[in-house]
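In what follows, chain A forms one complex with chain B and a second complex with chain C.
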Partner chain A sequence: MDIGFILINATIVACIYGLIAVAVSITWSSLGLLNLSYGFIFSFAGYGAYLAARMLSDHPIVVLTAGILVGALGGIIICMLVFIPLHDKPNFTIRGMIGTLAISLIGSQCLLWYFGPKNKALPEVFGYWKVSIGNTVLTSDKIGIIVCSILMLVFVVLWMKSSRRGLEIRAMMMNPHAASIVGIGIRKTGFYVMAITGGMAGLSAVLLSQTYYIAPFSGLTPLIKGVSIALCGGLGSVQGAVIAAIILGITEALTSRLLGGQYVLITQFLVIITILIIRPRGIAGLLDKAREQ
Partner chain B sequence: MSKKNYTWKNPLAVWGAKGGNYEVPSIKVEDPRSVWDKNKTYQVALYKVGRFKYIYKWKNHGARLWKRLRWWPTRRTLLHIRGYYNKKSLKAQKLIVDKRPIYWVVGLFALAVAPFFFPESMQNTLLTAGAVFGIFAAINVCWTLVIGTASIFSLATYAVVGVAAFCTSWLSINLGYPWWSLPLIGMAIGFIFGGIIALPAMRLDGFYYALLTLGLNELCRVYVVTSKEFGSASGGLYGASTYINSDWPPLMQSMVSYYGAFALLIAALFLFRFIDGKRIGRLLKMAPEKREAFAEATGVNYKQARITVFLISSVALGFIGGFYAAHYRGVAFSIFSFDTLLLGLAMLTIGGIGKAEGAIVGTLIVVLLDKVLITLGPVRHIMIGLLMLFVVLFLNKGLFGMKQQFRAWRDKKKGEWRSTRTEKGGEALPEEATEIDDKDYLYHRRFDKMQRDYLKNLVCDELMDEHKNKPLGQHSEALERLLLYFRRVPQNDKYAIKRDENSNTFKIVAFSGVRGMSPRLVEDKEYKTIEDAYHGVFVRRVYDLLES
Partner chain C sequence: MSEILNVQGLSAGYGPLRVIHDLDLIVSSGERVGLVGLNGHGKTTLFYGIAGLTGWQRGSILFNGNQIGRTRSQGPGRYTHHIVRQGLAIMPQGDEIFHGLTVEEHLDSGAFTKQAWKTRKQRKEQVLDLFEPLKQLLKTPVARLSGGERRMVSIGRGLMTDAKLYLADEPSLGLAPKIGKGVMEALLKIELSNSAMIIAEQNVALLEGKVDRVIGMHAGKLKGEASSALSMHLK
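So, the complex of A and B:
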């Protein structure tokens, strides 16, 4: 069609998956935990928002807040079940990853058991209006998704930059051992990190379900895309994740426009593999050493 | 043992010592050995420590030490047996150092004869589950080669199998290839696909590669699901040529599929044995994660070895993919699904990553839960997930690392218990005692402490009165023991009596213990007679004794 449409689609994809990518990135670099259960948190928060919309009210703020809060709760559950018991054990990285996968298996099956395989739809949070810029039509949900995710990202980045907790998290990112020596509790920081990243995954669940539905396994694609973006941008780097999200968003929009929807993942992975072969630690990752716990 | 108001017989009286009575009534005196006995016993409960040495072992004979069963025509032994002498009985005994071959033979034999013992009502379910177990165990053994031996954390194993299975099914359906050619074609496909995904493995390491392969798995799934040639409408590709003849009776078909999968498992185990246990596996054991630099410095080309193992297992996985297509007459999309990957990872984790026995036992547990308890619905996946979580949280190396972990934990606890049992033996603390060269001194301090403990028990009013009445001369046993101890103390700060020439009074002084330095005056009190002064010194000494 036109370049504006492609750019808008690319931005939306980048925004939603970028949220999860930044979440994966922050968790990895501060806690050393490769959290692969964001797929479960995604569905969990989606169902939470769905329940809130049905039980409380379908006011946009209530739905969005419910999504974020339930996502944060999911993050805290994972912190309690996997991070707290495992973080000082041998082989923490690999066991942590498998532990989060186990939680994701259990959680998705529980959701399937409780809610059934039928898809659930969230109310339209952003209304039904549209805006035209030139000959590009912007619908309300697209604008809402972009604005909300950018707000969330900016909030997280500012919080990490300016608050006491953010300082603790950044200290953990630099050197977890030294951080624990100067009195920054690993477990306490773990709760903050997992809550805030869970909240990001929850928000992305509400935003994505403006276009798709909520199902027990609907978190898988966002998880894999988010992880790929984080990988491509360099694990542990927020800027890298944002750049990678934009690159992959453009790739996705261009591919679906020029080649067709089924080739999206193929071109994306070709791009990711190319980037990783050139820079094995991702776009903004440090080349010499990976984070070592 | 204590003596109460008895008559003390003076052993010196026979020599006619002055004032020495033959028999003197005495106060209660405790046996001096009682303190020794009390000090020697532990105050806390005693537990048995050390290892049991009397476990029955096979008898041995010195002449038969080198007689072993060997793999013909090599000198390799079937079992690692060590001959040794029992430390207690000094009998010659045999110890099977590594019992794993026995367990392998027993376990595989049990799997081989299991179909004849399945109950009639569940025969079909169990035979189907057994075939699934065989194929998945073979896949997991190859995966163990990749993750354990080659230390490449690849999650694309099922993707390789699936790609080979889909391609061979497509070839068989559309071009009519026979069933026996499918595994062979699968090997070629596995080699090509494995080569493609090995490219990033040369540059990436650890979790970067795991995440990338996770994405590759999803990529294959999405591609196959959306592509018309691979049966996006029917949920899979079916109709491939198979080695199971549909004209046979159903039981025979099930049996053939069971033993086909079992043969595949045996083949995978042989591959594992000849990769992991031979030269290339040894090379890679030199280069575990985070110690690659050391291996490189000793001349091990670990990168090449890793990629070689990865490619060999990819070929094997391609073979399994072709076999899969020939076994099930095709392949479903579920081979690429995230749940299959999770279940596969659960199988590896539960058994313990890096060991063939772990992969097989983990597969057995998960397949039993998944396929045999199929009536439970989603609950069985929750059970598998909980089992996986339990293993990850509490076991360092899965079920097969339990023994080692338990022993490490037991040894730690043993040390802790031992440290609670140790108590202060004498005067010197253990840390202090190691610094003192004269060990005689340590023993003297210990003995001195016990002696003082004993003497303190003897002090009583009757004793003080006895000394006051008669400071010199024959005393009772208790007083005599006290005075003997007082006389034996070292010179420094030993009390003495000084007579003032002018007033003919007595004062108590204490020696300095240093030659040329005069004694110090202890107190200003003056004693009228020497007997009073004697008693004054005695009271001081008793007081010092009770203070110590």
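So, the complex of A and C:
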């Protein structure tokens, strides 16, 4: 019973935070922007899905799509407010980090001001059925979270591998200078990257809201975990982010099972620090100097 | 013979550094120009100036009749993609490649402009005819190729667009003489009906008798033009 339960919980945590970590990683390596505004995008998308569920319909597809689209919109807003004005100024890395963090805080306060401090709940997107495998009971929301996030990740990776836009983003990730030489516009690519990563954060917001409520500051923990997972996996590497998400998911599930939920952050950061001491560039960090300016 | 590139009074550099001083250059269609000069005398900066990749620049650059030079206070590369879309192909010096992409994806990325993207299959075949050795390497990541093969990839990438002006920056640099010659020959094989090409090179011998004219570059200025026959005396 125990092992199956721990594995399922680990997978769920890995899926949700992995989505954000991959988003952080892609933004960093293609735009050179350490986007700390996923906290805001996360709550923004959560409220978007909530409004869609109340006003349009609470059909699962409507709620999920609304979350993804509003998340993408949030990404585009961040892109217009931070990336476009700052990207060619000196010290963009630091300025972009401060700018996105500021917008994250301001945005969350705006959500608090508009929607009030009361938590909102999303409808159960995945229904109420359950499946048992051996001794482990799988509820519908757990299966739904795993399937949805894996589908999204596979979609993003395939899109980046096969389409013209994906080629554009990957070229930017590997060598921004050479990318402009072949005619790739940094600003336009910025919008695509921020929209698709915002969509990933939006989906993870809807998925997490199956267990937690939506609140103005509910994005803070996913942001911290997403960024630290991305750091641990090596900024800029999608595979690294996925591996780190799995490791930290197992840590979280094991800790809450063996020690208790209150120790989760402690053990998680101990694991992250250990990994970064042994391997400073992260699990699969890139060694090339494309992003060190 | 129409003018493809008309540079008037161009100065360009990076920060406080001024690399190009008041430079004038006219290139007409169908012309293949050799640009000869030592390291650090501004060949690459001239190319980057045309592409809008220098830190700042002053002066007029008419490309195909359109003004593409302007005072750039904004960071480098801001307008480069617009200029590239107007028909500029740059084959940069050194390792300006995408390490993780395969050779095929690389060639695709060269055809990034909308018109070229549609015809990229035929273009790829043309480029592969020019660079035979790349045919077996299409699925290999570029990071695993040898120096000569990488150079072929970066030149092939430049050839994937329908460019009006090709800028080849030291195509033979760092290659074994035989491979360097092969790369140069491939560049010389390209037909220029209504386009032009500038080849920067340190080694005059490679350009001798093969280009329409040779221009020397010294300390950020063009020094003396010579037709191909005279270039022997430049050595």
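Please note the rule applied: the second predicted complex is superposed on the first by the 287 of 293 C-alpha atoms of A that agree within 3 Å, B and C clash if a C-alpha of one lies under 4 Å from a C-alpha of the other, contacts with A are read in each partner's own complex, and residues count from 1 in each chain.
Note that a contact is a pair of C-beta atoms (placed from the backbone, for glycine too) under 8 Å apart; a residue touches a chain by one contact, two chains touch by 3 or more.
Computed from a predicted model, the values in this text were never measured in an experiment.
Contacts of A:59 after superposition: neither chain B nor chain C is touched.
Using the contact criterion defined above for the overlaid structures, shared-chain residue A:130 touches neither chain B nor chain C, since it reaches no partner.
After overlaying the two complexes on the shared chain, residue contacts for A:89 are found with chain B and with chain C alike. A simple residue count on chain A separates chain B from chain C, and the partner touching more is B.
By the touch criterion stated above, A:266 is placed in contact with chain B alone, chain C being left untouched. Of the two partner chains placed by superposition, only chain C is touched by A:184; chain B is not.
Judged by the touch definition given at the top, the superposed model places A:168 against chain C, while chain B stays out of reach. Within chain A, the residues touching chain B in one complex and chain C in the other are 89, 290. Residues 51, 53, 74-75, 77-78, 80-82, 84-85, 90, 92, 96-101, 105, 108-110, 112-113, 117, 157, 161 of chain C are the ones touching chain A in the complex. Partner chain B is touched in their complex by these residues of chain A: 34, 36, 39, 81-82, 85-86, 89-91, 93-95, 97-99, 101-106, 109-110, 112-113, 217, 220-221, 224, 227-228, 230-231, 235, 261-262, 265-266, 269, 272-273, 276-277, 280-282, 290, 292.
Chain contact summary for the complex, chain B toward chain A: residues 153, 199-200, 203-208, 210-212, 214-216, 218-219, 222-223, 226-227, 290, 338-339, 342, 345-346, 349, 353, 377-379, 381-382, 384-386, 388-389, 392-393, 396. On chain A, the positions that touch chain C within their shared complex are 87-89, 164, 167-168, 170-171, 174-175, 177-186, 288, 290.
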